[in-house]
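There are two complexes below, and they share chain A, which is joined by chain B in the first and by chain C in the second.
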Partner chain A sequence: MRLNPSRSAPYVFLAPFAVSFLIFGAYPILRSIILSFYITSGPEAQHFVGLGNYLYLLRDPDFWTAFRNTVVFALGSVLLQLPLSLGLAILLIRPDVRGRNVFRFIFFSPNLMGLVFSALLFTLILAPRFGLLNAALHALFGLPSTTRWLSTPELVMPALIMVALWLYTGFNMVYFLAALQAVDGELYEAATIDGAGRWSQFWHVTLPGIKPVLIFVVVLSTIGSFQLFELAFLLLGNSSGPDQAGLTIVMYLYQNGFLGGDLGYAAAIGWTLAGMVLVLSLVQLRFTGTGREEA
Partner chain B sequence: MRRAIVYTVLILFAVLCLVPLLWLVVSAFKANADFQAYAFLPPLERLSAGNFPSLFGQMPFLRFMMNSFFVAGVTVIVQLFFSALGGFALAKYDFAGKRAIMGVMLATMMIPGPVLLAPMYELIYHLRLIDSHLGLIVPGMVNVFGMFLFRQSMLSVPDEMLQAARIDGCSEFQIFWHVVLPVSRPIVGAFCLIAFMGTWNSFLWPQIILQSSDRFTLPIGLNQMVGVYEADYGALMAGTLLAVLPVVVLFFLLQKEFIAGLTKGAVKG
Partner chain C sequence: MENLATIQGRMRRWLDEIPLGLAPLLIAAMGLIAGAYLLLHPVRRPSADLTMWVFGPLHADAYKTAADGFAARTDRTVDVQLINYNAVNQKLRSALWAAVNVPDLVEIEKSAAGGFFRGPLDRVGFLDLKPFLLRDGIIDRIPANALAAYTERGAIFGVPHDIHPVMLAYRADIVDPYLARRGLRMEDLATWDDYFRELHGLLVPDQRYLLQIEHGDAWAFQIFLMQRGGGIFGPDGRLRMDDDIAVATMTWMIPLVAAGEGRKVAESLGNWDPAFYRGFIEGFYLAVLCPDWRTSQLEAFAGELAGKLRLVPLPAPAPGGLRTSQMGGTMLGIARSAKDPELAWQFARQIYYGSPAQHGRLFRVTNILTPDRRAWGDPAFHEARPFWCGQVLGEQFIALADAVPPFYSSGFLPVAQAKLNEAIVACYGRYRTHGADGFEEFVRRRLKRTADYVRRQMAREPDWDRRE
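For the complex of A and B:
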């Protein structure tokens, strides 16, 4: 009778992960670094340029357009979406609100559409003349129904932010709801006894209570926003919209690497994106003091 | 008074969430000519299911759907098996190199996907899997997030259960298959839904490697339709509605598990 597990069992169970990781994780990561030092033309022809790709990228105005658009989208998403998500979660957590589960489901429901099919839906909702958005704005506020959301440069990013708001607010709210439920109710009682008002309770009890989840959601939303592609691509097509108003960093990568065929440059763009995401995450963690508590 | 404000805000946002979804359903049954005339709801007698025959007639929509089901189905089953097995090993065994493996897994999750697009394309090209469904399935066989999810949930399976099974003569794999996996049913449900939604909605990678229209998945095929059949709005909405139905059905079957799985990592840390 054998009561000790065999020593080899965990290694056997992890073998599929190990094999898959070596081929489709470790190898592409290393290959990507090497590739980023080459100019390529499809997968067969390549030419070593050292840091040339990175230097070219920093001087390419298109990259900076993509960078600016991506930052605008990320700021718009995080600064509009997350306060709204948190606000809705705080309203829903009130014990005197009825139909909490119904509201929670409705707020979450756009997520079932998924990013791609939402984008397809919004190609028509945002259309001038017969689009739902213009029709609603016309009926409610008398605004002209000819607004061309996706072909007016200044309106492209607001339109994308609006779609993302519709899609993700309820998703993030689910995280906040879970976090709020975990905050110790006695802390609120103590705060009330100490004479703390609603705002004071929010700042001194709620926010510290949900801080780990809040940071998690902020970092995750930022990382996700920086990888914006599908929404812009599906709504605007290959051309990335009027005056490249919808050009994002990943779209820039796609255009150069897979429409232009320069995989080396695509790898360099990828690592530049990875660097930006890493720095941003570290700044956010440092700014909120997450690293320091453990140190 | 205060409660009235709370309800007003909640209802207003609920309406904003629902109206586009209702518009999708209505538009799927709306004739193309009526898109101009009726922004939201035409008179009910003008609605018809006419968009669906033209959807299936003018494009290989059924083919897209079958392709999507094949790719998503195989991916979910393979990912489920390997992620659960790996998560089990990490949760229930002590072995040399465990911390290193988990460190590597975490590091992998930190690297943004777009970094790997170019080398992965090169790799899939050399494996001769461009324009194939295998090229979609093979790179995603193991889901690292899923391994963490299963590890987290399997940590709470008592060791005594495993020991009892060992006394009964079970092999280590039989313990996983007959004891640990069955008690992890909720997390299996959550994972299936998350993995299915991820694959079903996958766009960038299929857009890069698929070339022939008879291999297209739904997202790629429907997006193609926007360009080619510019004016057939009704059929596009009918297609979009049909494309999201499987996710909706799966969600209703698995929703309790899904919400639990979604928030597990975040709240318990």
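For the complex of A and C:
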């Protein structure tokens, strides 16, 4: 029997990735499912608890604190960031805006810096008494210059959302710019002839035109927000801020798995998070009707 | 020309026969070339007899020098690797889990150490060093409390690099003249009450406070707690963060930072940020709680304060009380999987309990007091330091070394500290809104709730040793 080269070739070329994925991707994923049914401690000790980790998690107030914080961050990110990104994109696609390419670059540029650098920068900007933000608020509105953004529980989440806005608004703007460029200009001409105003054009032409990208960005931002870790870790450290105001689900996973040493419980948190993100994404897709039009 | 056309034609026909075209062939070729290159140029693995992981750059430099001397003396080599503080813990945990690339020796920060001592005693990733310490008579050279953090169920899994007595670093240029006018010296202020009472005239709301206390984390609280004889965990591993001492400490500390302007005597601009140093330089607070290691940080990051700072023992909570506390620390452990534990111990002994001159050299750079009493006679520990108004730092620390209270670690320390943070913030908020009215009772209830949470987590842990 002779192998048909054109049939077997794809499998041969896929094999390196498939083998690597099975070893370094699929196996750890399966292993983490098994691990989530154990309490682990130290390098070798494991104790089977069945669904015990999941049941404990449901009664664990810290998990719910982390969940609440994560949801607040996700809402803050999606509801503030995306309208801002879209607004910037609509503004910077207009040919009559002078130097629009420079502005596009400026708004995108935070992404050119590393997350660590950005976090260090904001540690200085948000510093009490000597930080740029406090100095500006004091000079402009007479607010106290000793505001402790990263060590006052009520201010920690607004500070995180603010930094995320600075980091990702420009990034999402690029998606919207690309989507807006793909909207047929004749539709706007037709709408203008039909007497549609700017708001009506935005609602009936722009939004439907960029809908696939909009949904993609919403889903991506939501998933990204639920996976928030690095930013909170860099700004607040292991402790996740005063009163755990910056504790996110992934931060809680990290604390349990890598500081506390219970990888089993951490795996249970991870799988619960994965379930949440999956459900949330499906709900978003369902609400926006994605998939139904194509069917 | 004809020949060239023939070759081109052959090439085209040959390429046409390749399944899926030229691109996959190129990818495969690149993969083969890259694979062959890697095979021919393997990553050079350290061929040293011992591998050591260290997270402090100054430690790494000192140990590399010591490794050279060790190699000359024993003909055995040590590969000292500098790894980031957070990374060393994760990397070690992964290495122990996978039993791959476990270093022979490793330094770990004290608060993270307890996490490595969980599980069945005979499966902890470190060797019990007690037999080595007893055999070589080193145990008598170390203040007893210095071993507490690394002792678990009778085994000593790490040897201490330091003791870290806490003192009070204060702005001598502002405080000393003020006290002199009143016929006093800082050394006369024996208790915290004395301190706040006698310096009250220097307090300027929103401009100058008497002490730096960060109420957003448990750092200062733990220092005060240990000074009063308390702790988060006790020697038996039992949680004690809600006992009477903890309640009394919290009830005393919170009003210092939470009382209304005019009565508030402590403030903070952060514990570790540049703002912390700037606040001290600008006199926003006149004194900071200062373990020995923090003195070198002040020298490095607050150079403007040279000749303006002095150190004194902490004022005591009550007359006759303890004049110091403890904060931070590093241990050196030898992995259970070490290729040659005896050789690893020889090197550990050299760098931790080696010559006094070696410790002296390190002290001049780090200001960290070694727990090895034998080294304390080295001249470096008796030199006046211009930065500290000519004070002899070594002698100051040595005088307090035996009084440093014990710190007991636990695998549940990170969660306990996180919950303690919450309790501190809650107590701060309660005092801001309700003042002293019913505050002690609130503190008691809040600490109990906090401790109960940690106890619930601890209760999930199987009794590993009994299971064995």
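FYI, the second predicted complex is superposed on the first by the 284 of 295 C-alpha atoms of A that agree within 3 Å, B and C clash if a C-alpha of one lies under 4 Å from a C-alpha of the other, contacts with A are read in each partner's own complex, and residues count from 1 in each chain.
Following the convention adopted for this analysis, a contact is a pair of C-beta atoms (placed from the backbone, for glycine too) under 8 Å apart; a residue touches a chain by one contact, two chains touch by 3 or more.
Fair warning: this is a prediction, and the values are worked out from it, not measured in the lab.
J.: Does the chain A-based superposition show chain B and chain C clashing or fitting?
T.: Aligned through their shared chain, the two binders clash on chain A.
J.: For A:S41, select first, second, both or neither according to whether it touches chain B, chain C, the two together, or no partner.
T.: second
J.: In the superposed model, does chain B or chain C contact more residues of chain A?
T.: B
J.: Is A:P128 touching the first partner chain B, the second partner chain C, both, or neither of them?
T.: Touch partner of A:P128: chain C, not chain B.
J.: Is A:G246 in contact with chain B, with chain C, with both, or with neither (first, second, both, neither)?
T.: neither
J.: Thinking of the overlay built on chain A, is A:G261 touched by chain B (first), by chain C (second), by both, or by neither?
T.: second
J.: Considering only the touch criterion stated at the top, classify A:G76 as touching first (chain B), second (chain C), both, or neither.
T.: Touch status of A:G76: no partner.
J.: Which partner does A:A179 contact after superposing on A: first (chain B), second (chain C), both, neither?
T.: A:A179 sits against chain B, while chain C stays out of touch.
J.: Quick check for you: in the superposed arrangement, does A:F13 touch first (chain B), second (chain C), both or neither?
T.: Touch status of A:F13: both partners.
J.: In the superposed model, where does chain B crash into chain C, at 94-102, 184-192 or 202-210?
T.: 202-210
J.: Shared contact residues on chain A, chain B side and chain C side combined as an intersection?
T.: Chain A residues touching both partners: 5-6, 9-10, 13, 16, 43, 123-124, 129-131, 258, 263.
J.: If we count contacts the way the header does, which residues on chain C are in touch with chain A in the complex?
T.: Interface residues on chain C, with respect to chain A: 19-20, 24, 27-28, 31, 86, 89-90, 93, 96-97, 99, 112, 115-120, 123-125, 206, 214, 216-217, 267, 269-270, 273-275, 278-279, 284, 411-412, 414-415, 417-418, 421-422, 425-426, 453, 460-462, 464, 467.
J.: Enumerate the contact residues on chain A facing chain C in the complex.
T.: Spelled out, the residues of chain A in touch with chain C are 5-6, 9-10, 13, 16, 39, 41-45, 47, 52, 56, 61-62, 123-124, 127-131, 146, 148, 150-153, 238-244, 255, 258-261, 263.
J.: Contact residues on chain A for chain B in the complex?
T.: 1-3, 5-7, 9-11, 13-14, 16-17, 20-21, 23-25, 27-29, 31-32, 35, 43, 88, 91-92, 94, 96-97, 103, 106-107, 109-110, 112-117, 120-125, 129-132, 135-136, 139, 166, 169-170, 174-175, 178-179, 182, 212-213, 216-217, 223, 226-227, 229-230, 233-234, 237, 249-250, 253-254, 257-258, 263-264, 266-267, 269-271, 273-274, 277-278
J.: Once bound in the complex, which stretches of chain B touch chain A?
T.: Going by the criterion above, the answer is residues 3, 6-7, 9-10, 13-14, 16-21, 23-24, 27, 35-36, 39-40, 82, 85-86, 88-90, 93, 95, 98, 101, 104, 108, 110-123, 125-126, 138-142, 144, 147, 162-163, 166-167, 172-173, 176, 197, 200-201, 203-204, 207-208, 219, 222-223, 226-227, 233, 236-237, 240, 243-244, 247-248, 251, 259, 262-263, 266-267, 269.
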